[in-house]
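Each structure below appears as structure tokens.
In the two complexes that follow, chain A is the common piece, with chain B as its partner first and chain C second.
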Partner chain A sequence: MSAEPRPGVPAPEVLVRVEGLRVGFGRRGARRGPAVVDGVSFTVEAGRALAIVGESGSGKSVTARSLVGLAGPGAWTSARALEVGGASVLGPVGADGAGRGLSAAAWRRIRGGEVGLVVQDALVSLDPLRPIGREIGDALRLHTRLSASERRARVLSLLDSGGMPEPASRLHQRSGELSGGLRQRALIASALAASPRLLIADEPTTALDSTVQAQILALLESVREAGTGLLFISHDLAVVSRIADDVLVMRAGRVVESGPVAQVLGDPQHDYTKALLRAVPTGVPRGVPLAWPGAGSGARTAPASAPAVAAARGASTAPRPETAPVLELDGVSKTFGGRLAVVDVTLSLAGGSTLGLVGESGSGKTTLARIALGLTPPDTGSVRLDGRHWAPGSERDRRSRRPLLGAVYQDALSSFDPRLTVRQILADALRGASAPRPLAELLDDVGLAPSIAEARPLELSGGQRQRVSIARALAPSPRVIVLDEPVSALDVSIQAQILDLLDRLQREHGLAYLFISHDLGVVQHMSDTLAVMKDGRIVEHGRSSAVFDRPAHPYTQALLAAAPRLHP
Partner chain B sequence: MSLPAVSTVAAVAPDGRGASTVRRGRRMLGPAQWVAVAVLALLLLAAVAPAVLAPGDPFAIAPTDAFLSPRWGHPLGTDESGRDIYTRVVHGAGTSLVIGVAATAIGIVLALVLGLAAALGGRVVDFGVNRLLEVLFAFPGLLLALLVITVYGPGIVTSTIAVGLATAPGYARIIRAQARSVATAPYVEAAVVLGRSPGRILARHILPNAVLPVIVLVTLGVGQAIVWAAALSYLGLGAEPPAAEWGAMLYAGKNYLATAWWMTFFPGLAIVLAAAATTVLGRALQKRGPR
Partner chain C sequence: MRGRGPGVSRALRVAAALGGAVFVLWAAATLTFFGLRLIPGDPAQAVLGGPGSQASAEALAAVRAEYGFDQPIWVQYLRYLGRLVTGDLGTSYSQRQSVASIIGSQIGGTLLLAVLALALAWLLALGLAVWSTRGGRLAAAVGSGLEIVAAAVPHFWLATVLVLVFSTTLRWFPAVSTAGPAGLVLPVLTLALPLAGFLGQVMRESVLDALEAPFVLSARARGESEPGVRWRHVLRHGALPGIALSGWAFGWLISGAVVVETIFARPGLGRTLLNAVQLRDVPLVIGVVLVVAVGYVVMTLLTDVVSRIADPRLAGTGRGSGRGRTRDLAQVPAVRA
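Moving on to the complex of A and B:
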């Protein structure tokens, strides 16, 4: 992954040359809409990987997609140069300076032929009704003159080199019958089918578990090593630091910093790059704020002066006073139709502390959360809340003690009644409190302006929604909050703000958290104790630092090894 | 959904402090919707105060003026007894609208009871209601209405009830599906976690979210009910001649179709306009989405 061209090797072929790219949407009368990508320049060479990093809305996907004419409906594109495989794809340039784009037929030759595209959600990218063998064969049918049997052999070898187990039997499976990781492999295989020189991968591992993500990244690395150029779009700096040779940091449609990955991530010059790096929670001790404190209009995060950080570090290393357990799960098991979801789990959450629960999708984390919340009755075992029996039992018995236990969900939006405003949602939640606080105070506590009270959740950003969700959980003055993947759907900088907020609320209100996540970095940053879950069982459980430093179970070791880190 | 400017600014400033970009514009009605509103307003006026639009008597016979084609004084012509078609069409609006609205109301109330019971009443009730709905679905709607009329005899009241009964199974299925999905929605679970009682959750979250989308369907249903009621009258099973009801007027005019086309054309036009206007408005509501 060295940045400099290797000595003795001729300069590699330039696959993509982009200069001064501007992309925007819509036309109002004679004038076109504002540019969402403004003045972006880069090149991608054969056998090298360029990563475009940025948050949602930074224009990174639009930039990559304009290379294959898929920027979106109503998009206009202008550039000093926009070349794929040495030929311009700008098409005839109109009077307003915007390229008209290539003809549909010309684009089709490039897509799949010159350039392969892999997107985030393989489930919707593959036709659910067609076997994957046919889906992959399509690219060959369109771009090569192979016979049916040759195509079949090529599809098999593609799946095989893509790390698909038992490729011959997979040919006839449909995308819905494959796991997320296998689907992504099938999609990569179909993108590589016609041997494109360039592969564009738009957040290819974002929806995947970390061990699966590591496999897909290894696959993409082997593709790059075979001489294919890779344009990699991601918001995840850790992933980027692993796979990319060069990196382009985008913000609001502009490039704020670019260069070799070691230089940009190792010695960032721009404040935004620094903020992005700082927001990565992996390895950051508990209590150290993650969010960039620069523009702190009313931000209540601790100032980031060196002494304050040191003080926070000191506070985090000092052992917290052990208090009595507020939430105890004792030998809890749950079976759904013969499938073991949770098997004999015994956990205990001490007051004012965080118990991190980490595991991959399908490991039973969410079922365990629902059992703790008293929403799913366990088959065997019992749950105690604040020293008294909690579940199983009738909801009527639990209702009066519900204010003790709050919940924050991954998908905040769907957890709000779509008809209600923020004010109504929080007023509902405050009704359960013994001593209701003023709404404005509650909003201030989670860092929201009072003006937001009249908005509906649909009108809020992802970070704002999660803040409202936290405010709702906080309203009845609970002792325990169950957080099920609370930051998984958020950009890294918003995630940093939410994690900082949760950390501050915990200290101010003495809250105990059951913090569930698939992201090891987040769990490590947040947790005092840690439980690793696999196939419904807790395979490892102990003090967070001990588990991370000396993982005992092979699965924990595999998880830790698979987690992408910033400085490999 | 997220505006690029907001989310990127939020990268540095805490996202919560950004000025909330609240969008509360209601989509304006298009020309087709405005025409529909005008037609409905006219129909409502005709239903509430027919004398304002047509001061004459819809039953006044004038044998010498029979079968007059549209002309000055009789803009839509006259029928076989010399009654003014325009006056009768205007006076018929009330009957048709009342039948349409009442039939739909009967259908919706029945559907609410069946649908909510099936969705929330447990497995046994759901099974029972579903089998009942399947039996009702086995008959075409109009046939079901005919069955009711055969048993209880013709007339405006029975035909209204019959149309209401015939439309109920369709609504009931939609309400059941809606209520079931709302009942398992994450926000209902969030209310359970907050310690709300089942009654409160039903009133606050499930009922409004399950029923409001159906309101849109009701607008569409009124038009359909008007057509069905007219069809029953045309078959001689609803309002009977000489009642000033559009379906009955169609029935009376069908024998003179070759010589006096205006006797069937204008009542038919009224039916089409009423049904089309409610449908256009219903579709517009549907597009805007339930709120």
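Moving on to the complex of A and C:
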């Protein structure tokens, strides 16, 4: 990586040198599997951060893990050079050119000692049965000769410098007793415990709320400031633009573009990088397509019949005329065993428009969605659908109007019966329609090929599943669709396709959306009006543009400040 | 539920557990009491030396009056229940001594057998689970095959084979139980092997789950060695379903003890129970059943407590409790009881 030398600083120490790395899975020799990482080269220097950017399956995690010999079971590795701390970790190289890897003992000295790895999935990456003090102390037990009491003191100082409040009382807590942000802090502390020169952080902020995400990024920045090298893996370009010095864009196992972050993100040369950047919804006005028809990755299911995709940027961004409200919540409250989940919420959703609902986990967004859907009865207040009373009340009264209201959830897979084919799933949903549309037309509407009808949910990609779940919501010709984090589990380019699809469907069918997300960029792109939720209350509510331009409530201001933005 | 204080919910839990235990004991006593009435024959005959005895009609009438057999059955039942509540298990018809003293003299051998078998089954199951997940497909196939065969083998057949091999052929251990530790080997093996098969199947599943969990990758990334990963992380996760199953296993062991004690001619509750049923010795049968039920209830409570200690997610505090519970529930279908 071409690192510009900083004035007054001696040439930085190279912690990792990778040249022509290839990694694959399967048996060595004739039956060797194809390379999932192919010809990747980079260096990481002390005190600098290199980000590897790419979508799921691009090989970024495998690349990083092969530095510590943990690419996965059955992995083979070959490279012109693979050096950690100046020494090769390829081990004896076999006749087929693949490194046999270091001995188990040699790897163990590197793991945790020279390279700390913060693995993906912070929420489940600490042993739920062991106190975090032990988990962090393990790294010290394995790499230092400290006594038990010295280890304890060091763990305390690690937690303290990692921004963990009341570290002494946290030592004995298990990860299940900690919030997501605190678990990530503990995990980072355990990776840093034995003072490795390099820290690999694999999607360290992905499952976290934006304010917590900002804190974790600040922590990682301070680690880098202290002279530790940082290898940062992410699919989130906004996060990368904040923390990285250099960036490596990977696609399908290969590097498509690399260089200093300002250059790569500010003036991208490769189409894929451009597509990734364009797919970021933050700040893109409503109605402007995000997906680049030529750059869909993997499953190419760009809607063929979509006029919106054909429309050039800047098309049809004029605000739609206000119509009568189709969904109204009036003074709705809900308490779960003494815990206030939703407090006195009054919202109204105009026909054909999008109401964005934003808030962090536990703020009551999903409870509010369930109340709107008539699945959870509110303690007080009422819900009106299409001008008539909807909830609370008996399900029998609602049943005839159920087709008016659809729902799409984050985890499409678990919302399907895995034994049913797409045809059966949609036929089920079409049964509720007053005038059922042909299945093929419905599939075409969500940009799916007719051939997909015979597939089962498990055989579909994440984007296809979400399209099926949108088709299911669309089948009874609803007026309102409640979308609960519909794109949170998707890669940015797939997310862009789904957001474009939702936008087109809204125009064509005059749908109203209650769009729930923790991602401010997504909500900003999708919403006409916006409601910010905190601790069950709506703290700010108004036209989306007004809220984003001039946030009035301190919490909204904090949220906006914490949201990572692309600033190359 | 979460809104109540932890103290309240704990008190409720304890009360529910105690209520459940009392219900189980009452149900066991009642079912046994009426079940034994269904066996044809005269209970007075049983008191006077069993079906083969030549008791006179006067003697039978005297016994009926003495034991209350001439009363309506619900009177007999309520009287019996009344005595039970005061802790009086009654007098054995066939042995003419108090049921409590008979059980007292027999319980030690059975408990020793059950505890040793449970411990051995645990060792075998955990060892097999950890060994068979070391990697190779062969080890996995061998491990799972052994478990299935062991779990499917009936006690009487296994006992016969063990006797044939180790006693008749090799002459290592006695076929008939003797007082020394050598006499315990074959009975304990007979009870432990099938149980180890059951436990092993469940434990291996959770060991495999744990080995693929992200926290194990974290541990490896920290520099933990393979034995360290297994000892510090995987073993405990693997043991959790085994702990949950141990309460059930105890009951299963006692029923196995009936067969095993009979085959190896070992004194104990199992054999006492078998003899008592054959002689229609109602007080003794109910006494043994109640003692076993108490043992079962105590073991179930004990495994509950141990489960909560081993898996803090079950303790009902903190955010992880929900996940712990669903995981626990998800494991229920795996129990092939």
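Quick note on the criterion: the second predicted complex is superposed on the first by the 538 of 568 C-alpha atoms of A that agree within 3 Å, B and C clash if a C-alpha of one lies under 4 Å from a C-alpha of the other, contacts with A are read in each partner's own complex, and residues count from 1 in each chain.
Note that a contact is a pair of C-beta atoms (placed from the backbone, for glycine too) under 8 Å apart; a residue touches a chain by one contact, two chains touch by 3 or more.
Treat the numbers as computed from the prediction; the structure is a model and nothing was measured.
Residue contacts after overlaying the shared chain place A:337 against chain C, while chain B stays out of touching range. Legend: residue contacts after superposition of the two complexes on their common chain; A:138 is shown touching chain C, with no touch to chain B.
Contacts of A:190 after superposition: chain C is touched, whereas chain B is not reached. Once the two complexes are overlaid on the shared chain, A:68 sits against chain C while remaining clear of chain B. When the two structures are aligned on the shared chain, A:507 is found in touch with neither chain B nor chain C. Contacts of A:124 after superposition on the shared chain: chain C is touched, whereas chain B is not. By the document's definition of touching, of the two partners only chain B reaches A:459; chain C does not. Ranking chain B and chain C by residues of chain A touched puts B first.
Once both structures are placed on chain A, no chain A residue is touched by chain B and, in the other complex, by chain C.
Remark: chain B residues 1-8, 10-23, 185-187, 189-197, 204-205, 208-209, 212, 291 touch chain A in the complex. Against chain A, in their complex, chain C makes its touches with residues 1-4, 213-215, 217-226, 228, 232-233, 236-237, 310-313, 317-321, 323-324.
Per the touch definition, chain A reaches chain C in the complex via residues 68, 70, 104, 108-113, 116-117, 119-121, 124-130, 135, 138-139, 142-143, 173-179, 187, 190-191, 193-194, 336-339. Chain A contributes residues 36, 55-59, 251-253, 271-272, 275-276, 291-292, 294-299, 301, 373, 375, 395, 398-403, 405-407, 409, 411, 414-419, 428-429, 432, 446-449, 451-452, 454-455, 458-464, 467, 472, 476, 491, 493-494, 497 to its touches with chain B in the complex.
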